[in-house]
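In structure tokens below, several structures.
One chain, subunit A, links the two complexes that follow: it is found with subunit B in the first and with subunit C in the second.
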Partner chain A sequence: MYTLPSKLKLFSIVLIVLGLAGIIFGFLTTPKTIDDVKKIMAEQESLHGDSHAVAGNEEGETANFVDEARGQEGYSENAMKHATDLKPEGHGAASHEEHVLHQLQTRPWSATFVAAFFFMMLALGALVFYAIQYASQAGWSPVLYRIIEGITTYLLPGSIIVFLIVVFAGTHFYPWQDHELVAGDKILQEKSTYLNFPFFLIRAVIYLLGWNLYRYFSRKNSLVQADTNNYGPYRKNFKISVFFLIFFIVTEATMSWDWFMSMTPHWYSTLFAWYIFASMFVSAITVIALVTIHLKGLGLIPFVSDKHLHDLAKYMFAFSIFWTYLWFSQFMLIWYANIPEEVTYFIIRIQEYKLLFFGMLILNFVFPILVLMNSDYKRIPWFVVIAAVFILVGHYIDIFLLVMPSTVGHNWHFGIPEIAALLFFLGLFILVVGKGLSKVSLKPENDPFIKESENYHF
Partner chain B sequence: MSSHYEAPIREPLVLGEKSYHDISVDVGAPVLGKANKSWWIVFTIALVAFLWGLGCIIYTISTGIGVWGLNKTIGWAWDITNFVWWVGIGHAGTLISAVLLLFRQKWRMAVNRSAEAMTIFAVVQAGLFPIIHMGRPWLAYWVLPIPNQFGSLWVNFNSPLLWDVFAISTYLSISLVFWWTGLLPDFAMIRDRTKSPFQKKIYGILSFGWSGRVKDWQRFEEVSLVLAGLATPLVLSVHTIVSFDFATSVVPGWHSTIFPPYFVAGAIFSGFAMVQTLLIIMRKVSNLESYITVLHIEYMNKVILLTGGIVTVAYITEYFIGWYSGVPYENYTYLSFGAATGPYWWAFWALITCNLIVPLSLWVKKLRRNIRWTFFVALVINIGMWFERFDIIVVDLSKDRLTSSWAMFQPTFVDIGTFMGTIGFFFVLFLLYARTFPVIAQAEVKTILKSSGESFKRLRAEHGDD
Partner chain C sequence: MAATKIHAIYTDDDLLMQAVKQTRSANYHISEVFTPFPVHGLDHAVGIAPTRIAITSFLYGLVGLSVAVLMMNYMMIQDWPQNIGGKPSFTFYQNMPAFIPIMFELTVFFAGHLMVITFYMRSKLWPFKKAENPDPRTTDDHFLMEVDADNHDVEKLTKFLYDTGASEISLIENEQDH
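Coming up: the complex of A and B.
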């Protein structure tokens, strides 16, 4: 049996308290009126005189990207505005100041959402990994089932928080929820059969229910299996895993469109959903490896050998490359064709987030491929931990880059709201997962493949 | 590589009371025996088709590409459709031999040899099209970056068609090496079993003096693993690059970021369908039912279901984003309302029926394990995946941005003849292969006999396995 070490528990509680304070601070200190914004801008102006060079050539930046053909129908300018946010009046704001006000007020929302989603996706990705193990009748991984189940404990609280954020964020995130804006935008009107609030809400409820119900029943069956002589519960789990995976691949796609792609509602990319999945999956496997190393360090799971760690590290390695493959496919195709409406997405990311945008590639691709290439290194816990830190930091940045450029544009910072949100959810994650792990024995007895898994070597 | 303990719940992979010797005999039989009448009949048919196709190719090159049904709007049609189709088919071979090796799937061992052969023969067919669809194929060597007398005039590395050259040639060479390495112990087995001095000589050369020492096996396994690790990204990147031919363009319907993974999934989908088609016949005519069992067929059907499901999600995504984009041109792409009701409605519905609806039947376990039904579904998928490529290429080109250049495509007998010719050529190669190569990797099957053989599993069940 596992119990969350008291120091770790205290640490996580401290994180939660600190984080919560920081989040509240972030929400309270947003500027309330345009006058506040003017004051802030004046301060920035005096601090670093020409830092607004970008603002200076805004017109020039976007002028090249106006689609003449669609411009005639009167919506291409709008497309540019909302997609790049480089123009003074984004999101239907009357003035530059109002637009900045909106972005600054959005910042704590975005900061919280990035961290909330990041930790939720760890649990969700772990759940998908778990389902795949069942569906593929894996013989190596059953020893890890209780560990993965422990991680997915976070799914329920985590997904509820994410749900609340996306539902209440309103126009902070989703310009298509602004009726005035939609009234003047032909493209958004056409999309309103999909992008409307009631349907958005229904879809979010479906995701929440579907994911959590699978998590509930698979855990339940897995525990029942431990006290049963036949393989009935296992067979049930096999079946529901397959159906969950079908449900997941569809809802993951719509979830990505709903929660992320619709932040820039004019922009679209068909690969987008699978790209987010890759990020989710590789981070989740990384966390499984980390928790396994933690438990192994405490001596609680003697049946998990360094071969299992080796396999997890291989997955980290392989899916880091897979993530990069999807990242590159999406980026290169849009860069190559250079179609104005699509390319705006990357223009803002490269112009305003250059270091993060390209730095993420080093963290998510170059480091994992170098660190985890050697097969001996994959069995050394501290080595895997190093790779894991790279990967997790890299994918946090990845989520950051999905959200921030679309919501706060070039008014982004990495300050108290972002750090506080990260601390809060990290604390919550540790606490919940620790609790989830400590409920039952860490060895899934009576699983049909548990013996194969224990004897596993290669 | 793999653990020797196996959960009793797993079904056996080798049926019957087989010993190591039986495996050698069964695998060697088609090579050491004589061809029967039906082999000669089928071979003749394939050869005739191949020669006819060769005639069509010669006719095309000597007369001009205008003998095909292409027009100024639709500059790519059957040529590139067949190219992508054949490349796609080739992908299952590498998937089975490389990806499934990485995932330590023991069942791959009975099917990998033939799947790899299929890869190589399919890539050879595919490789014809980039050459013969050129207007001046005798200048094809200009695609290679070789120093020359035009002031060292080089190629432009920005074109995905050039990437294709590198992708396909690398793919063919790596697959060939990977395949041949695996063949060494099996050629040695034939060499040691044959009575004919001529065969002994030939297989002696082919097996590179393999003697099966411990050190050789150790390195053999390492090489296999490294090649599998290299072939896996290769197989993904090859079809990805093929998909770039379309996705980098600005043609509505072609320019779609999902193409890379979606093409790869489709390639595995169609490739596995072709493996099923071939192996279902092969297990029968070569008496290999104990090795290529119903379980193997079921597993391959599951892979078909998985990749078919991925392709389906991609279809839905394409359809949805086409609408979501709000771009009016997107209404004429291969997966759009316009395509479903337009002049190519039959091609649209052929795609949906063959790739989406019929494979759904494999969710039923009874049908998944039914060999006849599997054969039928596999054929349907082969047709459906041809239509997928045809739809992507022709439907998207037929109605592009300017209505004044809208056109339809009508294939000529040369288009059709060339395609038939490649099918003939493929079967000529495959039939020759089936008579001269060990079609099952006997060395590998022997490694799983004691863990996954039926009789050994029964022994363990009776006597306990600890």
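Coming up: the complex of A and C.
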């Protein structure tokens, strides 16, 4: 039996309180009117002299990275015009401030959403990993079932929070929910059969129900299996896992279109859903490895050996590469063809988020590949922990870069709202997962593969 | 140098593993083991040092990567930087996404092929190489353990190997070492 160490519990509660205070602070300090924005812009102007954040895009720097790469000055500017045209205000001095006001008001929403989704996807990814283990009748992983179930405990609270955010964010995130804008935009009108609020809501409810029901029943069957002498519950779990995986891969795709891609409704990418899945899956496996190391450190799971850790680390390694493969496939195809309606997505990310955009590649690809390539290192817990920290930070940045450029654009900062949201959800995650782990014995008795799993070695 | 060896034949891989462990703990030197298929854990039981072929492969991969980078930097950026479809050929990094598929493939190509060639050279495998198989049955269903007998009492060693479950034991004396 596991109990969340009291220090960790206190730590997570402190995180939640601090985070909550920071989130509220973030929402309260957004500018309310255009006059506030003007004041902020004037302040920044006087502070930097040469301004970069709020007013930077319109004047100043004529040649940026993208222009240089293209060898044509003003290319990115022209391509981006397309994206900024989305805002109902159009162009002009007053409308620019209105635009900035909207982005500044969106910032706490985005900050909260990034962290909320990041921690939810850890639980969801763990659930998918769990389903895959059942559906593939894996012989090595049953010793980890209780640990994964513990992590997926967070899915219910986490997904409800994410659901509330996407439903109530409205035009903060989703320009297609602005009727005035849609009325003047042919592209959005064409898409409105899919991108309309009632259908959006129904889809979100379906995702939420589907994922959480699978989590509820698989956990239940798994616990029932521990007390029975036949394999009935296991067989049930096998079946529902197969159906969940089918359901998941469809809903995951539509979820990423709904919640992320429709933030920039003029832009689309076929690979997008897989790309988000890769991010989700690799960070979830990383968290499974971290929790396993934590429990192993406490001496609670003697049946988990360094061979199991080795396998988890292999998954971390392989899916880091898989993520990079998808990231690059998406980037390179768009970069190569350089079609204005597609390339805006990357122009804003490279221009305004250059360090994060390329730094993320180092964290998500170069470090894991170098740290985890050697097979001996995969069995050393602290090596895995180092790689895990790189991967988790990297994928937080990944989600940050999905949301922020599309919603707050140039007006991003990594400040109190972002850090607070991260702390809040980290605290909540630790607390909920700790609670989930402490409910039952950590060894899934009577699982048909538990014996094989315990004696697993290679 | 006259080498005296004893060939002990086993009919089961579990028996072989057992025999290898006993022979090692009795301080006899196993010079070679012939099996029809890979026996899991045998290398460890015989006490063979872990292979370093993965390290060579990693290094070959780095060589491949360097070849790709140098080649394309020279051809596309230095030697004749043309404007091909508007792709920026001013510096290497500006046009890098277009080079990555080639960089990746050459890394894999070098790592894979050079590693295989290294494997062939280290294991002395090539076409028309004379097979070194002491008993053709070891390619089918028999397992053969070759033990050095030079400094040991052959009688005692034979008795020992018989006790480990060997189904056939033969004394081999030959002039050349292979």
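Here, the second predicted complex is superposed on the first by the 416 of 458 C-alpha atoms of A that agree within 3 Å, B and C clash if a C-alpha of one lies under 4 Å from a C-alpha of the other, contacts with A are read in each partner's own complex, and residues count from 1 in each chain.
Criterion: a residue touches a chain if its C-beta (ideal position, glycine included) is under 8 Å from a C-beta of that chain, and two chains touch if they have at least 3 such contacts.
What you are looking at is a predicted structure, and each value in this text was computed from that prediction instead of being measured.
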| item | value |
| --- | --- |
| First, second, both or neither for A:229, with subunit B first and subunit C second | neither |
| Which superposed partner A:272 touches (first subunit B, second subunit C, both, neither) | first |
| Which superposed partner A:6 touches (first subunit B, second subunit C, both, neither) | neither |
| Between subunit B and subunit C, more extensive residue contact with subunit A | B |
| Touching partner for A:336 - first (subunit B), second (subunit C), both, neither | both |
| Intersection of subunit A interface sets (partners subunit B, subunit C) | 70, 332, 336 |
| In the complex, subunit A residues that touch subunit B | 70, 137, 139-140, 186-187, 190-191, 194, 231, 246, 249-250, 253, 257, 268-274, 321, 325-326, 329-330, 332-334, 336-337, 339, 448-449, 451-452, 455-458 |
| Sites on subunit A touched by subunit C in the complex | 68-72, 328, 331-332, 335-336, 338, 373, 375 |
| Parts of subunit C lying in touch with subunit A, wherever the complex brings them together | 54, 58, 83, 86, 88, 90, 94, 97-98, 100 |
| Complex contacts: residues of subunit B adjacent to subunit A | 1-3, 5-7, 9-10, 104, 233, 236-237, 240, 244, 247-250, 255-261, 309-310, 313-314, 316-318, 320-321, 324-327 |
